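Below is one structure, written out as structure tokens, with a few remarks after it.
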Amino acid sequence: MGKNRLEAFSDGVLAIIITIMVLEIKIPHSDSWAELRALVPLFLSYILSFTFVGIYWGNHHHLLHTVKRVSSGIIWSNMNLLFWLSLVPFATGWMGKMNFAQNTVITYAVLLMICGTSYYILQKIIQNCHKADEHMKKMYQSQERKGIASMVIYSLSIVFAFFNTAISGVLFVVVAAMWMVPDRNIERMLEGER
Amino acid sequence: MGKNRLEAFSDGVLAIIITIMVLEIKIPHSDSWAELRALVPLFLSYILSFTFVGIYWGNHHHLLHTVKRVSSGIIWSNMNLLFWLSLVPFATGWMGKMNFAQNTVITYAVLLMICGTSYYILQKIIQNCHKADEHMKKMYQSQERKGIASMVIYSLSIVFAFFNTAISGVLFVVVAAMWMVPDRNIERMLEGER
Amino acid sequence: MGKNRLEAFSDGVLAIIITIMVLEIKIPHSDSWAELRALVPLFLSYILSFTFVGIYWGNHHHLLHTVKRVSSGIIWSNMNLLFWLSLVPFATGWMGKMNFAQNTVITYAVLLMICGTSYYILQKIIQNCHKADEHMKKMYQSQERKGIASMVIYSLSIVFAFFNTAISGVLFVVVAAMWMVPDRNIERMLEGER
Amino acid sequence: MGKNRLEAFSDGVLAIIITIMVLEIKIPHSDSWAELRALVPLFLSYILSFTFVGIYWGNHHHLLHTVKRVSSGIIWSNMNLLFWLSLVPFATGWMGKMNFAQNTVITYAVLLMICGTSYYILQKIIQNCHKADEHMKKMYQSQERKGIASMVIYSLSIVFAFFNTAISGVLFVVVAAMWMVPDRNIERMLEGER
């Protein structure tokens, strides 16, 4: 009941975040293909962030699925996650417009690390006040493992930003790909419920 | 349950896409009618895209109606569709501001083709994991036929863009009109369920 | 069922329309009170439009309340209404920025007339495919009477725009006030259902 | 039923308000850290307002929880609250961009006072047409006490704006912190219902 509204609000915020990013792709002042080509880095950063926010939406969806009772702690750690995710359009636009310049790539990586940490905090708080069955525990563990791997890769992408930001970009794609692979544990958890 | 949230998220994104397009119609700097008249091409492209996104919303609505179980494949092909649709405001604004210039019309047509293909992929993935009754099958077939016709007309509009972009514009209207005609098969499917 | 999604989509679009209007109130470049004072006309036009969209939301809510079956005609006349309402932020911003200049006031009045007509069309289409009980009929009639009165007042506001746009502005407020008075018929209809 | 749509609409508007604020953080024109540092005041004002809107969302949620019947008075006092909250992104952006300059801090404090008053009016109107049980009464009283404290602190922040706006900023944080502390009465009310 309360949970429905938490989901509705989070969905609303995530839907807006994922969509307003496109507002940063400003309409060119001429009709030449060159203008469109100049937008390619911005477009790439947009694909990347769209995917990340999409992943967060999906995971958030599964995570809240397990919530029975909405506490103050859940509301505020959820707000905290939404806050950091709301900065993604800014970091995306900066990275895209500056053609994946060093500082912007570092900022983007740091922001994703903060988002990941915020998600982890939300998960821990939900875990603390809900008994998890076997399937959920496995899901939590698998999410945690992926989370740690992401942190390591983000750190690497920061290091590589000092040498070649293209490699950092590829590392972001690696993280996204890792999360997009369907998680057998989630599927089993969902099946277990039915 | 999971489906509700997928619908809510998609509705949110589609509602935002359809509404932020209007933000491209910048407020004139004087109060002369001439300024308003200069916005007519942008306004026309806005009507067009509003109609297209509206059609996608309606069809998406009917398509998800048939979904019983949300799989990873459905989530991601839905995200893919939303991604391309999120670029519609950009393409619309460019085409409108450039007064339906050749390159912008081609870009718009190509984007609509990609959106159509993405929709087709989503439909195929939903079909693959759901048994369809007689009415649904007919709906799918009719949608597929319309989809193919749209692709052909979009291709024509690209060809005509090299000669006269007004014809391309008319072709877009033809596609929209074709989809707006109420589909007897969908109505029958909905009735069959009741 | 289908109705829920129609409501959700309409609510989403109306919520976005009512909120993005505020984006037209650009942040001043200095911290002087004079800058804030210069925004007063824009602010007034924003209050006006917020109220109008709020009224539409409320009426839309009561209107859809009576819907049992979502037809193609309802979907498209609803889309038509949303389309014209989506232009309200533009007309509001123009009127506010141009300090209620003649042309902008006329544009605003014409847009409100089109919105009113679109609402009327939606109501007629809903009425045509739903049997109305005594209470609903009274509500429809009272809405129709208010609708006609609004049209007359909007026409007057256009006439007065040629002499004194302040009077036109007052007339807009009169229309808004007329709709804000709680409708005994709606209240009775809602009670009748319980 | 009607309540659901009121919640959905309010959630939509609040989600948009909280997210579009970030659009005021414009993307820097270079990739230097100095540009990012220049955004710090804006960023701080954004955190503040995100928290305030989040608090309103949470309280609004609990308040509507007690509503059984949506009256005209509830709809319009809710609209009134949403209207003033919709101005928060503007006041936030102005305060942030002007580096917490005196006039902007006063404007922000006054806006928060109006929002608080609007919330209080909504609460009173809901209270008037609903019988409250013991737990609800305690919740209302505790909310009222916090509301009065907030008003006093906002007034202080206006006074301090004439000497040192940093103190005003700290006072805003104090108000936010006061509301973020989980309210035992709300928790008890929710438990009482189960």
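We call the chains A, B, C and D, going by the order they appear; numbering starts again at 1 in every chain.
In this section, a contact is a pair of C-beta atoms (placed from the backbone, for glycine too) under 8 Å apart; a residue touches a chain by one contact, two chains touch by 3 or more.
These numbers come from a predicted model, not from an experiment.
Taking the CA centroid of chain D as reference, the farthest chain centroid is that of B. Different-residue interface: chain A and chain D share under half of the residue numbers found at their contact. Superposition angle, chain A onto chain B, using Cα atoms only: 90 degrees, a multiple of 5 between 0 and 180. Distance between chain C and chain D, defined via averaged C-alpha coordinates, is recorded as 26 Å.
Rounded to whole angstrom units, the spacing between the C-alpha centres of chain B and chain D is 37. Within chain D, contacts with two or more other chains are made by residues 8, 12, 16, 20, 23. Listing the residues of chain D that touch chain A in their complex gives 7-8, 11-12, 14-16, 18-20, 22-23, 25, 27-28, 30-33, 36, 47, 50-51, 54, 57-58, 61, 65, 180, 182, 187, 190. For chain C in complex with chain B, the touching residues are 2, 5, 8-9, 12-13, 16-17, 20, 23-24, 71-73, 75-76, 79, 82-83, 86-87, 89-90, 93-94, 97-98, 101-104, 107.
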